[in-house]
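Below: a set of structures, written as structure tokens.
The two complexes that follow have subunit A in common; it is paired with subunit B in the first and with subunit C in the second.
Coming up: the complex of A and B.
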């Protein structure tokens, strides 16, 4: 409990410190809006030309796009320490100072950075979700709201877990991080579309290795009333938990890898 | 001239150094290419378009292979502007614009060639509808290579204009982010320009961003017939001249009001 309080406290401080330079903050936040808006425009243009993707209508596609955007960028806001700063901490040797403090390394990394500029990306995602729900005429119920919250929460942990893999690579070699970007940023770009778009190998990758399909697409498809692979609806409540599993496994690996950490800093 | 050439050569050698990073970049870019083509294939299965699928996959591969040409900036210069050590550069008996133009040109050329050659070789091996097709004609290939050269000059000039903004504001991350995104969309990296609504294409293909990769790729795939190629190259040439001219003026103006801070 204490750890969570510390984390929330540092988030508050980090976000307040970023707001100290309002002009720069506003400019960068707007830049994020343009960037994510551009991604959204690409989906709109595709839908405009092709109308549908397999069984998914335009509204469904916006919904999946929004679900991914909200999840991914919430993670970037609150998990910036892992999603962005970790290689920097290792390269500069700042990580060493974390080793002498009486808290877990991962906790301190998480507490070390926040990125509130991404808030506009989340806003674009929410707009896409609302648009998608309207166009696909989603019938909301308490269970579906709960399911959506569960999917987003588990999705955040899944993405954190994938970025921790990148961190583990960093511990062994400072460069060559781009390779793992295929899983994180590649996963984001690919899984803005439901997983049945992809041929076998990619489908397995996004179900078994980086389970975006289980965490986001399965609940999403149930909310839209078109369960993926015709699995029964209750599975949608269980499958997102795989996000926690990925986080747990990578967290354990991270702790092991930290034993081999050798400072490169000065 | 010799000084600019040696700046070009130094930078080219430097870009050859990080081969591990190149390999990681290639794997990542190949992955993105496969994902994009899978999406377009699924979309085509629902509603085929007049443009053959093979052309779309060729387009995607060429865009991914030359990705480094679009997004590569000179971090040294950014640092120099921030720390004030750009003062040393001002002492050189060189035109600052020309010096950095040579550097960025070398970086973009070498960076993208190193990645493009293995990626395109890989893409040729993929089956029909997934991989890269042969060029539509020998003439088309020759024209597209010429177009690629002009595109390279164009993107280097664009990059220097972005740098000019950095000199003005110090913290240009917002501006840079926006200009980069504009480039990614309007050059056809996120979505092939050939899939934009037809009425938009008539305007977009005239913008400078379309001259970088879209114009040469269309010449390669045969979307633009070799007979129309001289006109396309003329548009590219106009943009190269216009952007370089604007850049030189912009930098000259910046240099006059530059203030070095720190030491």
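Coming up: the complex of A and C.
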């Protein structure tokens, strides 16, 4: 309980400190809007040209795009410490200051940064979700709302887990390893589209290794009424939990890796 | 058993060198940051830790504070092994890194302290009392609503110190706390550390390059070089071996006055006065003064011992550091 309070307290403070530079904040927020708007344009162009992709209609594609955007950028707003700052903390030795406090290292890393500028990216995602739901005429029910919330929450943990992998490499190599970006940012860009549009190897990658398909696409497809892989609907409530599993595994690896932390400078 | 117990401490770093032209793999080099370092510290001691850059001072502090895991040796602080029981251990210690801030940059320092209160789970009443007391002792009361980035270096260091002591640690590590501070800030910082040590019996372990810190604060000093402990005792003992030379500066009423001195004693002219360097062990000061008086009427005379930094430099040189 105390950890959650600490986290909320930190977030309040971090967001307040971002707002210390209002002009910069507004500019950067707008820049994010342009960036994510551009990504959305790509989907719009695709939909204009092809109308559908396999079994997915234009509305479905907007829906998947929105689902990924909301999940990914929520993670970046609230998990910035892991998604962005961790290599910096290692390289500068700033992590030392976390190690001398009686709290978990990851907890403190999460509490150390927030990125409220991404709020416009989330807004674009919500717009895409709303648009997608209307175009595909989604019939909402309590179960579907719950499923959506679960997918987004588990998706956040999945993305955090993938970024932790980068952190683990960072502990060993001090400098960040761009290779892992293939899973994180690559995963984001690819999995804005449902997984069955990809060839076999990528499908396996995004189902078994970085399970965006299980966490986002499976529940998403059930909400749209077109279950992916033709699995029964109830599995959509179970499969997102793989996001927690990824987070749990990488979290354990991270704890082990911290023993090799070498610090830096004086 | 002593409060801090260190036995045969060893820490190695593997450094991978730049790849040579044509070679496929990079060569690895092992650097012994610490070798066979042993010492004990009792509760309430003020211990200074000196040594040239790269001697292993910070590495020792990092091991004692649970940041690094050593390759060999025993370490306990208050009966706990720092890197194994990190959370329990760090609850009882405070650490100030001279070159690394622990507070939040863009928010008033009071907000940083509020967050530290949460992190250390300090009860409300205790927190208010302690913050009031510390803010007063460190002259921070007026600054509590100022963001950290607007503070001067001296104010920042005081703010850091306050932050690291809010949870009433038994043991305080200071890694070069006076680096870059002006004279007033340095003196204030030293006074405060003495006060905290006396008032609460806080054990203080401090690394520094500023010998004045050691003179002012630490009855006991430890010298580290090339990862080995070279000396452990009082500063007086350490320096008596090197503190062998005095300098006399003398000015006569008569400008042409020239004392007659043994040939082994060098005399230099510095403006209107003569500067004479001699070793009192071979040439007692009383004898020197008698000779000087014979040469004329002395207007001014000062005897100085050498600057402590020179002594330390001599010591490092002799120890081949």
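The rule is short, and it goes like this: the second predicted complex is superposed on the first by the 263 of 266 C-alpha atoms of A that agree within 3 Å, B and C clash if a C-alpha of one lies under 4 Å from a C-alpha of the other, contacts with A are read in each partner's own complex, and residues count from 1 in each chain.
Just so we're on the same page, contacts are C-beta pairs under 8 Å (C-beta built on N, C-alpha and C of every residue); 3 or more make two chains touch, one makes a residue touch a chain.
As the structure is a computational prediction, the values presented were derived from the model and not from experiment.
Chemist: For the overlay on subunit A, clash or fit between subunit B and subunit C?
Modeler: Overlaying the two structures gives subunit B and subunit C room side by side.
Chemist: Between subunit B and subunit C, point out the one touching more subunit A residues.
Modeler: Of subunit B and subunit C, more residues of subunit A lie in contact with B.
Chemist: Please indicate which partner A:134 is in contact with in the superposed arrangement: first for subunit B, second for subunit C, both, or neither.
Modeler: A:134 sits against neither subunit B nor subunit C.
Chemist: Let me test your reading of the model: by the given contact rule, A:96 touches which partner, first (subunit B), second (subunit C), both or neither?
Modeler: A:96 contacts subunit C only, not subunit B.
Chemist: Name the contact category of A:42: first (subunit B only), second (subunit C only), both, or neither.
Modeler: first
Chemist: For A:255, decide between first (touching subunit B), second (touching subunit C), both and neither.
Modeler: Neither: A:255 stays clear of subunit B and subunit C.
Chemist: Counting only touches as set out at the top, which of subunit B and subunit C does A:189 meet: first, second, both, neither?
Modeler: After superposition on chain A, A:189 lies in contact with subunit B alone.
Chemist: Subunit B and subunit C, closest CA-CA distance after overlay, in Å?
Modeler: 10
Chemist: Which subunit A residues contact subunit B in one complex and subunit C in the other?
Modeler: None.
Chemist: Please give the residue numbers of subunit B that touch subunit A in the complex, ascending.
Modeler: It is residues 18, 20-21, 23-25, 27-28, 31-32, 34-35, 38-39, 42-47, 49, 171, 173-178, 181-182, 184-185, 190-191, 195-197 of subunit B that touch subunit A.
Chemist: Could you list, by residue number, the parts of subunit A that touch subunit C in their complex?
Modeler: 2, 5-6, 9-10, 13-14, 16-18, 20, 93-94, 96-97, 99-103, 108, 259, 261-263, 265-266
Chemist: Quick one: which bits of subunit A touch subunit B in the complex? Just the residue numbers, please.
Modeler: Those in contact with subunit B are residues 24, 27-28, 30-32, 34-35, 38-39, 41-42, 45-46, 48-54, 173, 175-179, 181-182, 186, 189-190, 193, 197-199, 202.
Chemist: Give every residue of subunit C touching subunit A within the complex, in rising order.
Modeler: The touching residues are 13, 53, 57-58, 62, 65-69, 83, 86-88, 90-91, 93, 95, 97, 99-102, 104-107, 111, 114-115, 118-121, 147, 175-176.
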